[in-house]
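The next part holds the structures, each set out as structure tokens.
There are two complexes below, and they share subunit A, which is joined by subunit B in the first and by subunit C in the second.
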Partner chain A sequence: MPEIKDKGILRQVETLTSKLRRRQLAGAQESAIETTLLIKYIVAHAKFATIHELIAIIKAAGRRLVEAQPKEHTVGNVVRRILRLIREEWAASVNKPVDEGDQPMTTEDSQTETGEMSTQSSPRSSTLSVGEQTPLMTPATPRPVVSDSQYSLSNFVLHGRPHREATDFASVYAATIQESSTTPKKSAQSIRPALISAIEEVMDELETVFETVSSSAKDHIHSDEIVLTLGMSRTVEAFLKKAALDRKFTALVAEAAPSFSGHQLAQSLASSGINTILIPDSAVYAVMSRVNKVILGAHAILANGGVYAVAGSILAAHAAQTHRTPVVFCAGQFKLSPLWNVYHTYGSLDFANPAHILGFQEGKLMDQVDVLNPAYDYVPPELINVFITNDGDIPPASMNRLVKETYDNEDYQL
Partner chain B sequence: MAHKETTGSKFDIIAAYKSFVNDPDISMPVAAMQSLSELIAQTEVATMFELMEAVKDAATRLKRHYSHNSVSLSAGCDVFYQFISSLRDFGQDFEGFKSHIIAAVREYAQNTKQVKDTIANHVDAFIQDDSVILTHGYSRVVVNALLMAHNKGRRISVYVTETRPRGLGIKTHEILTAKGIPCTIILDSAVAYTMEKVDIVMVGCEAVVESGGIVNAIGSCQIAMLAHAFHKPVHVLAESYKWTRLFPLSQYDLPTHNDHILSFDLVSTPPTSGTNSPLPGTPRRHHPVLRTSDTMPSLLFTATSVPKVPPQPSFSSSMSNVMPINQAGRNPEVDYTPPEYITLLFTDAGILTPEGISSYLVTMSLRSES
Partner chain C sequence: MCNAPLLDWTFESLAVAGVQEVFVMCQSHFESIEEAIRNSKWSQTVSPLKVHAMKLPPTTRSFGDAIRFVDSQSIITNDFVLVSGDMVCNVKIDEVVKAHKARRKADHEVIMTILVKEAAVGHRTRPKGETAVFTMDAANNQLLHYEGVPAVPKVNKTAFPKALLKGTELDVRYDLIDCGIDICSVDVPIIFSDNFHENDLRRDFVTEVLTSEILGKKIFCHYAEDGYAARVRDPRTYAAVSRDIIGRWCFPLVPDDNHPGGHQYEHLPGNRYLAKDKVTLSRNCKIGNNTLIGPGSRLNDTARVEGSVLGENCTINGGAMIRNSYLWNGVSIGAGCIIKESILGANVVVETGAVIERGCLIGEDVVIRTHSRIPEFSRIAKKKDAAPDEEASYYVEDAAPADSDSDSDEDQDPLESAANLRYLRLGGTGKDSSESETEYNDSGSEGEADVHDVYDPAELGRDPWSSLRRQDEFGREAYQTLKRGVDEHLNVSDVALELSTLRMASNADPERIKKLCATSNYSSAFGALLSALFLAEIIDEDVIEAWHLRPDSRGEEGSNLNKLWRVGQAMLAALAPDSDEESSEEESEEEESDDEDPAPAKPNAASKKEAEESDDEDEDEEEDEESEEE
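And now, the complex of A and B:
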């Protein structure tokens, strides 16, 4: 198992690890942002000769963070996301001509690079654009005969069938051919600025996620509608407030016992002028026949399109299903995890404080009963109509594909 | 087309395929890839175009020869063709290209066990301790996954369907019990009776199609539908070389379907007097007739390794009621399971939902057609 040698990085990793472990740092967005900052620090300060060394260091750090707090899924998601961006940057940079790769890229250069990265990952397109300026590039040296096992049939079958992954794979393949002729050390160091700017982009995305998710709010909520939500989700809060700028609607908020986080949301919505009604969780079914839409927040989106959401969500989703009311989840894409709900018990197996259900003052009773306070429900994809994300509206069926496109297979297990 | 005569005629693709598929560890798609690679090794053509044409031609002949059971075979041929097309784009010298393909296929055929283990590792977390698994027929990859779970100390028990007409469930039962996994063979018609006791349904398949559904031994569809009705997960284990470009909308869109399957016997029933006789003017309906004199039960079990089932009192008499051979011929060997009855697919490319597989396959075919 590769370990982190640099003292400074190690200290940073340990600080964040203990914050996560003690739950001093909690919440999907905060954890994701802190993790991004840490990785940015690692990329900026780590000593690495090849890109693989850098990836190994980041993976090792990611593994520690995930082990410290496995229920905070966004930590692992952000690490995986950045690992993929690093590989993309590297594949693109290796395809560049040798003399250009010697000098570090200017920030301007790398920014345009990262912007186009998602669309332009095939080696042919990138060499073509470079080739216009330096026509003597790649064709001058004959390609070596493929003898290494990189481009084997099993790799092809593994990567090959999906369209996007096929082009990625081809770019990596082209990169390995080129690597033998170039000096990998120089290029690995020289893409550092490009990597930093890629990470900064992730950072920007995380910081503005609530606004971007709610940008289409008025297309989803119509005038005089009644929407139901449950508990407190900052994404949903931002979404409803954004919609209220253009529409007049009623928000029913279930209080989400025993945390009663719904009270907080109801207060916040009411104070910004939204017609808000607070209801107990047990009334969700009773009011459902009047509800036009159920809007919920997600803790984590799983690879099959199911979600872990605040306890009580499954009740609301089933009640909605019975009344054929659409169920909508609002979530930033950083909540997308390459995980499966293997055991369908207790949602994510994360439990909140039982004292909220049965206080210590009731000592007599406490000796006789076990108290469980599951924090999350698992809502299966068949109960969900759509996800509203910062990347558009996505049906649960497409989540599987999105996972494959966002993360690399090899990073699923950090 | 002159090139076809120069390349195709010398090499007997079908004989080559037969020699490869005899290996019990080699599945049909891999054997198809091996025989096509053998063609590349032996061919005398000198240009890339001719080579691609020769491969295409041989693949067509192979598929035509095995048209009654060609689904997984075509999957293998398609993967192979796509693989060499993708390599062609890298524009290296012709001999190097050929030798690389041959080496790649050889390596791949040797690694089929590894692929099965990858799938078994994916599925591992989904097999809980004490779970009861229902499987259908004989699938190498399912058996491998079950054995792996068993070897890790997971206490599993398995129901396997008899899987008429080939009776391959008996082979699964033999292998699993030999390794110490509790296993019971159930009748194909007893699936609904059993389903309540089952935790997960786990099947292999011949091919994964573009809708995200699968093509597998006959009976798979009804098992998946029953599992769906009982809210039990249906997990399909499939190597990714089985992904195929086929989009069936019904059972009868499968290439294995022909007019003979499910056709009616043209023996007319003698008109009976009274209410049973057809109304005047309406066309007479022909009913299939069961003629017990035709019964040849032993012929229906074509798999060589299948042992004789010890006759049991209640079954001994019914064994003579096995359907006549001419009726057996009207029955399909494979069926299509639509994606809505499948929970997850476990492949060496990871765990996928049927929709996930579908979107990949459809994009891919759109791309290759453009």
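And now, the complex of A and C:
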């Protein structure tokens, strides 16, 4: 695995990893923003001859960040998303002269392996110093031939074959068409500004994610509805406040012990004029028969449509299921993770400090009782009706598709 | 500690708290500590924490000496955080520092903030030997009085100056753990330098600052409401802190998240942690709750581990059972072994069928032979420079009786305080109380012939100086002072001065000095000392009288103690008419008799004593003889 060589970048990465590891940086949005800033720094300062080298550096940094704090899923998500954008920008810049997709080509070796490519590529490779290149077994920028920048479901269908095959096809195909960008090295450097502006777009998106998610709020909440939520989620907070501009409804807020973040949300909602009722978690089932909708915030959305959400969510979801009450999760797209089987690991619930449940001073009790304080619940997809994201409203079953659209296959494993 | 060096836990705690630079002051094992730091992640260029190891001069004998050295090196130019190198915490120290700075800004006399954590009596993480009663101003947590409470003898009351009761509301608390984290201003080392007799940060320094009106400094306490902080002082707290870490009380400093050793652990139900790296588990081995298993470890068929920590590359063979024990790296446990509540050092080999009872400490590289049974509270280590495979090269120290001697030692019992209670009751600290009752029970040091039967006779015979060695610090130091005084022909008043300083420093009872004199054959100096102490207003007449009246002080006729008693009697007689003190001193000095003692109180004293010529007035000559004898 390639590692980061640049001292400055390494220091930045190291600082962020230790912050994540020590939980000095916590919270999905904050972590995502910090990660974006780091990658922006890397793109601005890294020395790379080809786009692959840049991608390798970012991947290495991303891998370290994710290893440092696997429970903060947004870190990996943001890295993956930016990687995809970089690939798109690159493809776009290379493609500009021609309409069809192409391949920024790799080492001499891999070219000669693919037989027919050698004739066209020899002039190109002469402009490169071979040693600088990252030896990749397959060409690493998978671009469907038909698309120039967007990979969407329609393209997927149009193309009619799985992504991976498309990639291979693209590379072969790209090699057969006449390559117009004769100086990839120069162009790899020259797209730096484009990359940075792409990253800044991600940044903007992250910073405004609450507003964009809540843009459709009034379509989901109707007048005189009773909405139940649990704990404090800034997305839900923005969503409910936005809805309150057009609708009059009642918000029931479960307090979410032991963090009691629900208190904070209740206060905030009440102060903006929403009819708010704060209830203990234990009352969730009791009130459910009166509730029209359960709106929850997510910590991470998995590719299978399951969700990590604040502890207590599973209770609300099950209660809602019993009463056939719709369960809606509000979340920014940056919480979408290509992982899907992490819920098998017990530790992924992120067990936090038990002192919030049982005071440390309770010496004798503490000796006899093991106290668990999971931060999250895993809510399986069958308990969820819909996700409201800044990408639109999506049922759990379609999460898989959104993952495919958002991230690149290559990057699932950082 | 949980498969990472304890110092790394401390550094990690500090790094979490936002500390940027750390000076490690160490004396013994400096080279290995320095090397460990050099090879750790803290020395990498990207490390957020700068760590410097500094060697203390070999003359450093106490905390006070160390901090005076720090002062002399002028490393500290600003307010600093003072912690001990055995601390694990997740308290946001930066916030405490902020609060301290705010207070200091308001009042320049604020020199220190002590971090305390609430924990009820009986809490596992409370250090048994060193608890304290904090008397604070309820409004702002200003510390007004500090009184250390030893575990033995049991103290039922505390006292604080009446002057404190001046209308302000007071908090008197005994449910606090002293976390060993102090935010100090630059004045602290200076005060230490000015007061050369201060040795202990709490007992000497805090007491001095609080009582001294001249200094006029203030100390505050800060409750660590949210967070965990504890020191690993002894095997008992070692176990407690390990359990706290495994129980995630120190989150985010937990094995699966932020392990200082860089290991990766997987967190499983029941707070079981398995290293992600090469752990081999047999299909029918059993892992109980609260267990940490290090990388490369192996559990064979039907092995059972519960509540324990296994280091790297440990092997547990079939049928072995390990409960509440701490195995360091490379330990190998044979089939059918039973290990309870013990700590096993690196590369210990326990062969088939051996049983290690609770409370044992087994040193590095020790081999426990097949089917041997190690009794409770044993301490086994390998002698240095012995041939590696010699059976005889291991020595066993029976720790249990030794535990009874002083308040720092009794914590040797790592886990079982109930069992330890017996020793707590029998042992004594002898430095905290002037009550004759408790003093009487102090079996560690006195030269009385009627040494209580509770004292293990086998132990007494082992080493002539063993009882002295096992005394608390004061006893040792006082003895050293006396010895030096005799060896170097110092003036008796100088010795008395030093002793009195020492006595003040450790708040010891004057009777200790008497006993010391008796035991250590220096009773010739007793009279002089007594008078000197009296003159220096360290002890007053009442104390002498009380001692004098006590029947057991009198001792047997012709014994050491009896002579001392007579000296005291003479002195009292001189004092009684409130006569000139000068003359009483002269008198007592003249009257003092030699300590030559044909039937000494203790076997250990006997073993070193020889008959010597009696009756010598001259202090110096007397001391000459003593030194020869030495």
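Here is the rule we go by: the second predicted complex is superposed on the first by the 324 of 414 C-alpha atoms of A that agree within 3 Å, B and C clash if a C-alpha of one lies under 4 Å from a C-alpha of the other, contacts with A are read in each partner's own complex, and residues count from 1 in each chain.
What we mean here is this: a residue touches a chain if its C-beta (ideal position, glycine included) is under 8 Å from a C-beta of that chain, and two chains touch if they have at least 3 such contacts.
These figures come from a predicted structure and were not determined experimentally.
Legend: residue contacts after superposition of the two complexes on their common chain; A:Ala397 is shown touching subunit B, with no touch to subunit C.
When both complexes are overlaid on chain A, the residue A:Arg324 reaches neither subunit B nor subunit C. Within the superposed three-chain model, A:Met366 lies in touch with subunit C and out of touch with subunit B [touch as defined at top].
Shared-chain residue A:Gln24: touches subunit C; no touch with subunit B. Residue contacts after overlaying the shared chain place A:Asn304 against subunit B, while subunit C stays out of touching range.
Those residues of subunit A that touch subunit B in the shared complex are 143, 145-147, 149, 151-154, 156-164, 166, 170, 173-174, 303-305, 340, 342-343, 381, 397-398, 400-401, 404, 409, 412.
On the side of subunit A, the complex with subunit C involves touching residues 7, 10-11, 14-15, 18, 21-24, 69, 345-347, 351-355, 359-364, 366-367, 370-373.
Looking at the complex, you find that subunit B touches subunit A at residues 33, 79, 82-83, 86-87, 89-93, 96, 100, 104-105, 107-108, 111, 114-115, 125-126, 128, 239-241, 243, 344, 348-353, 355-356, 359-361, 363-364, 367.
The residues of subunit C lying in touch with subunit A in their complex are 12, 15-16, 18, 45-48, 90, 117-126, 175, 226, 228, 247-252, 256-258, 266-271, 289-290.
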